[in-house]
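You will see subunit A twice below: alongside subunit B first, and alongside subunit C after that.
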Partner chain A sequence: MNLIIFILKRIGTIVISLVCIIAITYILMWLAPGNFFDIQRFSTAAQSSQLTAEQVAILQRKFEEKYGLNQPLWKQILRFTFDAFRFKFGPSFSNPVRTIESMIAERFPVSLTLTLLSISFALIVGIPLGIIAALKRNTWIDYFTMGLSMFGQVIPSFVIAVFFVFIFSVQFRLLPTTGWDGPRYMVLPVLTLGLMTMSGIARFMRASLLDSLRQDYIRTAYAKGGTDRAVIFGHALKNSLIPIATILGPQIAYLLVGAVFIEYLFRIPGMGQLFVNAAGARDYPLLVTSTYVLSLMVMIMNLIVDLIYMFLDPRNRVK
Partner chain B sequence: MNFLKNLFKKRDIKPLTEEELLMRQNYWFAAWQRFKKNRMAVISLYFIILLLLLAIFTPLIAPYHYAEQHYEYAFSRPNSKFWFGADDNGRDLLSRLMYASRNAITVGLGSQFLVLIIGVILGSIAGFRGGRTDMIIMRVVDVMLSFPTFLFNIILVTVLGRGLLTIILAIGVVNWAGLARLVRGQIMVLKNADFVEAARAIGAKDSHIIRKYLLPNTLGPIIVSMAFGIPGAIWIESGMSFLGMGLPPPMPSWGDLIGQGVAKFLGYPHLLIWPALSFALVLLAFTFFADGLQDAFNPKSEV
Partner chain C sequence: MWKRFFIFFVAVSFIFAGCGPKKGRIKTVSLPFLDISSFHPAYWQSQHILAQGTIFEGLFGYEPDPKNLGGLKVVPVIAESWKISDDGKVWTIKLRKDKKWSNGDPVTAKDFEWSYKYYCDPELKDIPLWASPLGNLKNAWAVKAGGVPVDQLGVKALDDYTLQLTLADPDYNIHLGLAAGGVVPVHRKSVESNPQDWWKPEKLVCNGPYIVKEWTQGKDCVLVKNTNYVGYCGNVEKIVLKFMVAGLELGIQSFQSKELDFAWINNVGQYNYVLSKPELKAAFHEDISDLMFAGYEIARCLDPALDDIRLREAFAISIDRETLVNKIMGNRAVPGYKIWDDSSPIGKKLKPIKFDVNRAKKLLAEAGYPDGKGLPQLKFYITGASDPVAEYIVNEWKKNINVDVKIENLESGLYWMSVWTTTPKLSAGFMRFGGPMNRFSTGDLTKNASHVLWNFDFPAEFRKLRYEMDFEQRNAIRTSEKGKNRSDWDELLIKSKKLWEERKKIIASEPHRLWKEEMSRKPTFEEQFETIWQNWQNAKNDRDRQMWWRTGAELVLSEEYSQLEYKARSPHHKEMYRANLELMRMPWEKAVANAHKVIQMFQDTYYMVPLYFDKIQYLQNPKLSGVVLYKFSWGPQIFNFKYLNLAD
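The block that comes next holds the complex of A and B.
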């Protein structure tokens, strides 16, 4: 019962935050000087066919009517919010023929695959690295892995990606440089995108395990005659794995930001690329929608992580 | 029995050395002593001081202006005239790198200043008032921390127009959540301390208590958080430039230089290698410095 209330509360928070995000984005775009019409349509149309001022005005009015721009701001926000929760977004500015939801339907699976693969990679490699570093504390193995993860955390993914491309694609010609067309194309993006999260997890895992090893119950376990293996894997590890779930939330947000760069660099047709293109073209409906979808994605992933955390930590289960 | 004897035996207490006595007297002195022991952090500190000096005096030191074009030297490799080579427009790479680091550091410091103001004000209000105010502010903080705020950076810069000031504004306005949470936590712990109670008994106003009693005691963690924020802001600034949404050309930025370098890497590797290396070096220096500060101000955090 408690669990259901918790989930409902969280969903309520998600809805409220999404409405806030939509409203803020809309207001910002409304404040922006110069609209899409006079940036692209107006200039190209006026130059190519020498339209008169009245014809341009008619065009502009039609354009505004089509996208509901002639309505007051609050009405636009309200309408978009209702549309957003039904996943009906209508056409974008730059591509009036296609609906935005069809573009998203095409790109969302790509982004989801990229993100989930990167998280899995980060967890599968990061956790063992952290454990090894903690167990071999203050040896060269520790320094090496921690130094490496420091680099992975500090140096932006787009810099690392460039060097990976150079090594694997240009020098050894093992992997393709750009595109998204099967497992071979996924290796480099997943590797570079997951690297930062992996480094964060490895560093946190090391600290967490060292902290667990200093607890009283570990001493008790050793006093009862437990072997190293039994104590570390049976007692310390279990408890030090749980806090990993708490840093996974912010890491997911970082990961999605990283995905924007990775998709740009590797020309992957995902949500991040859609967002960047929309921002570049000042395509406001597309910009709001992709922000909305990306935020929704982060928030749902966060909710899932929190639920996993609740199930993992016995203290939460009792309540 | 021996076991019990050991348990109750008095530990022999060594007298404190002179240095240790000093360390106990002064918080800042103690922090500095701990900081000095971290060799990487000290090296980074010197490096950062050098960078700051370079950034301040860039217009005087840089061999060329960042937009000065020498077409006859386009794509030239590092030589005596252009130490780091020249780019596709014959612009000196070294000068462009120097201006890029100047811009990056301006963005880093400027945006952190903004973060400091917003974060400290909201954090201390939330921590001090508690109740409903606290709940509302913390909800906003929660959303901002779990939200990819970089998207908002891009939207803000798209909307406000590209420029140094708007980038500083965009980064500052969006990234204060972490600091606000930190300040709030510190103040919640401190606000019930005896010395605060004493101040209140004398009749000090809330704002006075926050400014004179609470904030000075949270200065350490605030400094650490800002030190981590600077490389973060530099990262964001160059990230935006990399996507072609940062500083307007011909103003150089690391992200833009790296992005240009990627396109011409195969023919002219020096156009990528120098920007990427220097960028990595600067980010590492700032992070090592912040790491050192963290250990210095919070000795328990050494794991």
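The block that comes next holds the complex of A and C.
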């Protein structure tokens, strides 16, 4: 019951935060140089020498009515916020035949799949690597695994991507270069994105496990006759996972909308591509929507992280 | 455990290893393409390239012809024959009777009439009429604005296979524009049954040689042959278009692994890599982007520092273009001394901008800046991470004429706004500029150098006044609370009468027939103002009254501005304007033969300076032939896929 109340309170906070974010983004957009009428393609139409001034005025009014620009700013923000919570974002400026929600509906599953696979790879490889490095501290195994993780963290992802493509696609023809048409196509992008996250997880895991292994309760566990396996996996590991949960939340949000380079390189129709195109085209409805979606993702991930914390550490549970 | 893991790893590798994509016996070609956001042919987006002869066909189309501009010529496709009235305003076009839609329906003149009305209908918003010859149909803009019913649009099917186009202005070359994407017919029944998404592949009915079978935005688009197509089409049965962003793509690698039959070479690194691999060098092709020049323009600002033509010429002739293309651009361009290069009939007649450092120094001294001393700080505006071409130019100026121009990086939005419009935010300087043709039209032959007529060559005082009128005064009108009362009109009514009298004097004194006609276009200023005044008097509420007052005030401001602009043009500027009007009205062949005279006038102002022409470099599967390059403003791309053939 306490947990449900906690979750409901957090959802309430998310809603209030989103309303503020939408309002701020909308106002910033409004203040940007050139109003909607000037920037959008209508102004090109209005410049035709065949239009009379009367017709320009009619076109302007229709344009303003279409986008609600004839309303006071506060009404526009309210209308957009109400529509945003219903996931209705209207047409995109740069793509007037499609609604923004249809574009997001098409791309979100792709981004989600890529993100989940990358995170899964990072966890499945990174956690054991970190454990091995911690247990074999100051041996060649430790140096090798940490060297590998440093490699993953310092080399930019697009460099790693090109390297993988050169080896696996061009030289050995094992995997396709680009696309998103099935499991074979997912290997390289997942490896590329996952490597970066895996490196961070491995390093955090090592440090965290080493820290846990120095604790008194671990000494007690050994003193009671516990085996290595029982002590490490039964006691130390759970506590060591808490910092991993910390970095996972923002990482997932970033991967959902931020892996733009990788999406372009591997031709993955994800959300990162969509939002970068919007910024370049000054597609304001899409820009506001992308800010909204990204904020929502970050807040949901933070909530999930907090719930994971509670699971991992009873001291954090809601009383 | 390790043994089991190793066996598992090997097994997984075998599952994922393959022999590459299996093409089977269907002749399939994979090509890189731009992002496609929909297949609606009317929007000025990448799909209009596909609409031009691949999934749609119009009355006219493009055919490869190496002897013509851009390697293309315009030929009749669905049109069979045509007649033009003496005044150039009425085109009567006979259609072929054998053309079909992909569902077997015949393509008729009624399809074209309905489609053009559909495009111009005010319900279909945001269609860029400026980019389409439909903008010259009688009443097109008025229909689009909702002021005139759509059945008054200047298009009519006289019978099933005869189409009549009535134009607002005479145009003896409209057939050239009718080859472009925004004027292809659409299938009426499909659009009426599915108004929101008729363009989606599962519902799309086309009339071109290929139809869209599958599509995912941001990824792949699969085209297959239209079995109901009548006309020539090569032997490629399936085309896979792969969305790739130049500079962020693995095109060369995809070509090497045989996933692409065509790949663009986008930078020096890729070019050198290709030349170093014998198998890639064998697939290498190159062409010149002759429909587009790359150069720089004088920044469109209010600062008068570069108003002296001697200064502008000095800068233009002190750049070594040979070194620019060979060393800085890695031999991926050819020097551009003129707006058209020597491979074209226009370029052959143009006089070049010669590299002459001595003359540049002399001009600087004559302008009052010997050895570059005393010049105000000039800037070269760029956007993005860096611009090696701008850095080279700035170094050349320092080295050759001792002028220190600073490079300033602008935010992308501000940069692109400043390239096209005058802004007080910039001080005197330069910006990168490229002049393309959007399609074959006499107006496009100047490749945007005609911007000199609207943005440049005005005295600094007029530019300042123009900015004040265009932005500050116009903004003040739009935010004014005036317009509710009759007294708000007093000043406007007096001013409008004075302006109209002055306009009549200007028209009477203008010697050029075409310019007189342009200034006398109906409805006149007086007629428009009267309409707006009447609308205000008939308005039912304050909101509408304010709207009409603002419209009237803006109209008066525009007229005042237009008259000031006319008077501010120097005699030479007026000569250029008249010459440009003449060029736009000429038949195509005559325009191509005479365009050099007008273009030379623009080039000699040194407001827009050519530097180079890009080379279009690409890899092509040796078994693939019939690749047609699209060199207009969206290019370089490949299009008109019906000419593709794949050898066994």
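The working rule: the second predicted complex is superposed on the first by the 276 of 319 C-alpha atoms of A that agree within 3 Å, B and C clash if a C-alpha of one lies under 4 Å from a C-alpha of the other, contacts with A are read in each partner's own complex, and residues count from 1 in each chain.
We adopt the following convention: contacts are C-beta pairs under 8 Å (C-beta built on N, C-alpha and C of every residue); 3 or more make two chains touch, one makes a residue touch a chain.
A quick note: this is a predicted structure, and the numbers were derived from the prediction, not measured.
Should A:G234 be classified as contacting the first partner (subunit B), the second (subunit C), both, or neither?
The answer is neither, since A:G234 touches no partner chain.
For A:Q55 in the superposed arrangement: first (subunit B), second (subunit C), both or neither?
second
Considering only touches as defined above, state whether A:F166 meets subunit B (first), subunit C (second), both or neither.
both
Between subunit B and subunit C, whom does A:T291 touch in the aligned arrangement: first, second, both, or neither?
first
With both structures superposed, pick whichever of subunit B and subunit C touches the larger number of subunit A residues.
C
First (subunit B), second (subunit C), both or neither: which does A:P128 touch?
Neither partner.
Output check: A:G68 vs subunit B and subunit C. Expected answer is one of first, second, both, neither. What do you get?
A:G68: touches no partner chain.
Just subunit B (first), just subunit C (second), both, or neither: which does A:P183 touch?
In the superposition, A:P183 contacts subunit C only.
Once chain A of both complexes is superposed, is A:P109 in touch with subunit B (first), subunit C (second), both, or neither?
Touch partners of A:P109: none, neither subunit B nor subunit C.
Would you check which partner chain A:G147 touches, where first means subunit B only, second means subunit C only, and both and neither mean what they say?
After superposition on chain A, A:G147 lies in contact with neither partner.
Looking at subunit A, which of its residues have contacts with both subunit B and subunit C?
Touching subunit B and subunit C on subunit A: residues 32-33, 162, 166, 170, 261, 264-265, 280, 282.
Can you check the complex and tell me which residues of subunit B touch subunit A?
139, 143, 145-152, 154-156, 158-161, 231, 235, 238-239, 242-245, 255, 258, 261-262, 265-266, 272, 276, 279-280, 283-284, 287, 303
Please output the residues of subunit A touching subunit C within their complex, sorted ascending.
So the residues of subunit A touching subunit C come out as 32-34, 40-42, 44-45, 47-59, 61-62, 66, 94-98, 103, 106-107, 162, 165-166, 169-170, 173-181, 183-184, 187, 261, 263-270, 273-274, 277, 280, 282.
Which bits of subunit A are touching subunit B when the two form their complex?
13, 17, 20-21, 24-25, 28-29, 31-33, 150-151, 153-156, 158-159, 162-163, 166, 170, 206-207, 210-211, 249-250, 252-254, 256-257, 260-261, 264-265, 275-276, 279-280, 282, 287, 291, 294-295, 298-299, 302
In the complex formed with subunit A, which residues of subunit C make contact?
Counting only subunit C, the residues touching subunit A are 13, 16-21, 35, 37-38, 40, 43, 45, 122, 125-126, 128-130, 135, 140-142, 144-147, 168, 199, 216-220, 242-245, 248-250, 253-254, 256-257, 259, 412-414, 417, 518, 521, 523, 528-529, 531-532, 535, 547-548, 550-552, 554-555, 558.
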